[in-house]
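Two complexes are shown next, each including subunit A; its partner changes from subunit B in the first to subunit C in the second.
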Partner chain A sequence: MVLPPNVSEAEFANALSEFTSAVGNDWVFSSDEDIALYRDSYSVYWGEEEERIASAAVAPANVEQVQQVVRIANRYRIPIYPISTGRNLTYGGAAPTLSGSVVIDLKRMNHVLEVDDKRHFALVEPGVSYFDLYDYIHERGLKVMLDIPDPGWGSPMGNSLDHGVGYTFGPYRDHFGSHIGLEIVTAEGEIIRTGMGAVPGSDSWQDFHYGAGPSIEGLFAQSNFGIVTKMGVKLMPMPESYLSGYVSVPRYQDLQGLIEEVSYLEDSYLIGMPLYASPVGGSFMNTTAAVRALMENGWPTMNQLESFVSSEGLPAWSVKLQFYGPEETVRANWTAAQRRFAASIPGATFEEGEFLTLPIPDADIPSLADKVRFGIPNLEIFHLVARNPMTDADPPDGHADLFTMIPRKAEAVWDSARMMVEAYRDFGVPPVHSPFATPLTYYSRTLVMPTLLPSWRNAAKNKHTRDLYMHILDKAAENGWAPYRTAPAFQGHAISKYSFNDSALLRFQEKLKDSIDPNGIISPGRYGIWPANMRKIRG
Partner chain B sequence: MKTSIYLGLILSGLSSLTLAQNLNPEQQHGKQVFDKWCAPCHGTEVVSSELLGMGALPLPGTSALGVKYKGDLPAVLEQRTDLQPIYIQTVVRNGLYGMPISRKTEVSDNDLDAIIAYLTRSR
Partner chain C sequence: MKRRTTLKLGLGSSLLSSLPLTGLAGQISRPIEHLQVLVNRKYTESGHLADAMLRHNIIPQDISGDLGSLWYRSIKPQLETKPAMLFGMTDIIDLFCLEELARDFGMQTRFRLDHIIHGNGQIQHVPADGLKIAEIRQLIPASAGFGSMAKELTTLALQNQRSPALHYKKSGPFERPNNTLLVTWLIS
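This part shows the complex of A and B:
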């Protein structure tokens, strides 16, 4: 049995008894068997001493119970770790950042409180999954479209509060950016509502997020300043239609012009998520034999790359543009986009993709490719980790994602791909990136150079994954790049890269931590923020 | 051609109707839980993905079991007749490869018993 730090077995037994009084006997989990359900299935420390293990889990049913639980934890100085649906896989799952924490499992708070398809918002509790919210909207025929991350069993709240992302139209892909109004239980058990929610009798909590005075919402994402118990979500009105189109450009160096035009369209709100690819380079993480041969003698020169592209007879780069809106405007936007690319990139070619009327008819949904384009929750992303002919001999048990944020410039795409290749080679691992690696575009104003490393229920193999992950973090930071999100195992190291002016940002956050949560009970260590009484743990 | 597809749809509709009628209440509950928590990976649909650069494949869990069993056992869990209660319980509570653990606040012990009753019913 794991105990919370600095809490005796007798004190912990008393605390568990008080938790039981607060939430009921069925909703305090303290047997070894039940605690094991709060392990991170994709932990890179699985079975090792450093694996984050909870001391217990408590599952309140409502905000009042959350307040009671927080007050009990505060009295006993027990660290607590709130989770919403606990499905933040590759970023920690349901496991706490600090071993011995009591997980506050908010899955039972699963009410969709409101969806308004005239003012385009939802108000949800923590345990509402994307599946739940979609079903609520779909069953009522409400005319709004969700923007969702890959796995549908995650929650709008948990995903937003971990800066999660989606796949449709720019502002909606940034899930924290599209929240509107929070209800928070503080470390002392008090309830705060942000924005217009602070005005008694207001009916505009989900209409105007600032209210008046400083905004504090950002403090509750990727952090440990309180427990969010309600969240508003801005929703996109259901578009009338969807149109996709492909732009291909012939030369390696055309990537810069392509990115510039795509950025113009994105920042003008004319397109949804753009998807970059390299027809000549093969699909991401599956480079062709010809590209691997090109890389055998080190990173190819620009001349070698241009010669390779022209000899293969395929476009160097392409982008899939996605338009959402009335048929008249999506067709007009596609026409305007083609005119702009043709004017700025000689030899650019165009191909129209799919035109679909929205919402997608029910009968067409099961076989619909990439349902995330239309905010239809699913679990199809698990193809990434599912056993397949290539991994059949030794299937991985999970993965650790590393998404490096880079500016929207071709040079940054190439330099970050090269950094990845060199980092893999430093470890004797065949690289999965190449000079034709293409970036992801989850956030509309930045590019992401991603990599996925396997995680295992095997200590030796996990050590290799961890070492390579840390090595990539270090090499990225040498170039001024850093990840936007990572698992507890890497949070301290990732945050150490945000070190401008002797880590003034983190020092400021920790001053706030000491003031807001003086006993340091909420999620100690999350994203590198430690309370004063545990700061020595860092490093 | 059109007629045979139409006929196929009717027949599959009839067989699922018959199936639902033959389930006892616990098995019906098990099917509901299965549809919510298991079918998104272990269902029968075939999907493709441009995002993942992937042609048509069964759903991830079904696809993985197809690779694992290579035709010796059905890849679709609902077509299996050899599943043992302890095996189902172990996989749901421990996860297996990329399939994560399910907690009791998601799939309660009662739900899990119902899934087991549904998948191990005599046919």
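This part shows the complex of A and C:
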């Protein structure tokens, strides 16, 4: 058994006994078998001493029990690590940031408290999954659409608090950005409600999130300042229809114009998630043999790239545009988009995609491709990615995602792709990027240059992955790029890149930590924020 | 989600007598209330297992659609009202997802037998630690159609539950190319 740091076996036994009194005998888990359930399937330290292992897990049923658990943990100075559903693979899963922590498994707090399809919000507890919320809405015929991540087994709350993202319309894809009101249990066991929730009797908690005075909600995302026990979610009114259209541009350097026009449409709220591709360059993170040959003598010049595109006879870039709304407006927006692209990019071509009436009829859902664009939760992603060109040669057991945030500029796309290629080559690993690598668009006002590094049930291979991950992080930071989230194993290193003015941001966060959570019990080390009593073990 | 009850159901063969499993290895004549059988009819051999179970009045649940839909709308509600063990033959992706989902009920993989169907049609059964291949071969052939006999593995699985350390989260969801990896498993 792993014990919490600086806690004796006898003290821990007493604490477990008190946890049991608080939540009931069935809901305190401390056997080795129980603890194995909370291992991170994608851990890059699997089976090694550094693998993050819980000491126990406790599953409270309600806010009052969360308060009791927090107070007990405070008395015994036991680190706790709250999870909602604990299935955020690649970002730690159910495993704590610090070994020996007691996982607070909020799976029993799984009530959808309210969904309003006139004011377009939901109020949920942590253990509500996207499937649960979807079914609640669907069974009642409520006219709202979810924005969900992939896979859909996570919780709206957990995903939002980890800055998770979705696939529909910009304001909803940013899941923390679309939260509306939090209830938090502090490290001292006090309950706070944010925004209008702080006004007794208010009926607008899920309508206006500022209230008056400073907003503190951001302190509870990717952090360790409290345990969120209720959260409002802004919901999209169920659109009447969906239309997709494809824009292709002929030249390599047309990427800049493409990005500018897409940004105009996104920032004007005229389109949903745009999806970039390179018809000539290959699919996401998978280059063609011709592109690999082009890269054999180093990074190609612009002239070489333009010649290559021209010789292949395929468009250099394309983007899939997605429109949600009444048929009249989606068709008008598609027409307007074509006019703008045609005016700014000579040779741009257009192809209309799917037109669908929403909501999708039940009978059509099983065969529907790409369900996430309609907020329909599923686990199909595992079958889609489980066998692919990247993994076929030697299938890994999981992956660690490294998503670097870059500005919406073609130059940044190219430079970040080149950085990835060179970083892989530094490690003797065949690069998966190329001059035609396309960015992801999870957040509407930034681009993401991603890479997925494999994790294994093999220590030597995992070390290689960790070293490469750190190397890419370092190279990205040299260019001013950094990830927006990462697995616990890399959080400290990632946060070290946010170092402006001698890491003033982190120092400020740690001052808050010391004040709000003086015993440092909540998720020590999460996103690099260590309490004073553990700061010496940073890194 | 009263997972303690569920967990205890799966702790060993001494409890078998409390389950309506009599004669499982031979003839199954009535439904097994405490065992939910999951198959993936996308795979021929898993379909054979489903058909064999049906012939014995055991209605398997098919996860050839989306596993998430089946879990949240059928398996999970059933487990919440009546603890059960899960037995099935699926691919490793399904097993991986089921392991993650079953955590909510304190359940984990306690028996695992891999079936590798090579591109050339050759079939190989790979038992996990503690199982003898000879014992496996007495129950199922190393040839096409083995799924029809795989119901015989139910008793073997129940009697050979091991520490989850041997089976649980043995791998992630990623598959090897050029063959199909099916797994017969028991989650309890």
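The working rule: the second predicted complex is superposed on the first by the 528 of 539 C-alpha atoms of A that agree within 3 Å, B and C clash if a C-alpha of one lies under 4 Å from a C-alpha of the other, contacts with A are read in each partner's own complex, and residues count from 1 in each chain.
What we mean here is this: a residue touches a chain if its C-beta (ideal position, glycine included) is under 8 Å from a C-beta of that chain, and two chains touch if they have at least 3 such contacts.
If you're wondering where the values come from, they're calculated on a predicted model, not measured in any experiment.
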Exercise for review: Put subunit B and subunit C onto subunit A via the superposition and say whether they clash or fit.
Suggested key: clash
Practice item. Could you tell me if A:Y324 is touching subunit B, subunit C, both of them or neither one (first, second, both, neither)? Key: neither
Exercise for review: Considering only the touch criterion stated at the top, classify A:F308 as touching first (subunit B), second (subunit C), both, or neither.
Suggested key: neither
Check your understanding: After lining up the shared chain so the two structures overlap, which partner does A:D370 touch, if you call subunit B first and subunit C second: first, second, both or neither?
Key -> first
Exercise for review: Once the structures are superposed on A, label A:Y81 by its partner contacts, choosing first (subunit B), second (subunit C), both or neither.
Suggested key: neither
Exercise for review: Using the superposition on chain A described above, determine whether A:N286 touches subunit B (first), subunit C (second), both, or neither.
Suggested key: first
Exercise for review: Identify the partner contact of A:A386: answer first if only subunit B is touched, second if only subunit C is, both if each is, neither if none is.
Suggested key: both
Review point. Taking the superposition as given, does A:Y45 touch the first partner, subunit B, the second, subunit C, both, or neither?
Key: neither
Exercise for review: Please determine whether it is subunit B or subunit C that touches the greater number of subunit A residues.
Suggested key: B
Point to revise | Of the stretches 9-17, 45-53 or 135-143 belonging to subunit C, the one that collides with subunit B | key: 45-53
Review point. Which residues would you name on subunit A as touching subunit B in one complex and subunit C in the other?
Key: 29, 34, 36-39, 41-42, 86-87, 89, 94, 107-108, 131, 152-153, 366, 378-380, 382-383, 386-387, 392, 395-398
Point to revise | subunit C-touching residues of subunit A, taken from the complex the two chains share | key: 25-26, 29, 33-34, 36-39, 41-42, 86-87, 89, 94, 107-108, 129, 131-132, 135, 151-153, 366, 377-380, 382-383, 386-387, 391-392, 395-398, 455, 457
Practice item. Quick one: which bits of subunit C touch subunit A in the complex? Just the residue numbers, please. Key: 1-4, 7, 65-69, 71-73, 93, 96-97, 99-101, 103-104, 106, 108, 163-165, 168-177
Review point. Where on subunit B does subunit A make contact in their complex?
Key: 36, 40-41, 45-54, 57, 59-61, 63-65, 67-68, 93-95, 97-106
Check your understanding: Which residues, counting only subunit A, touch subunit B once they are in their complex?
Key -> 27, 29, 34, 36-39, 41-42, 57, 59, 85-87, 89, 93-94, 105, 107-108, 127, 131, 152-153, 167, 275, 283-284, 286, 320, 366-370, 372, 378-389, 392, 395-399
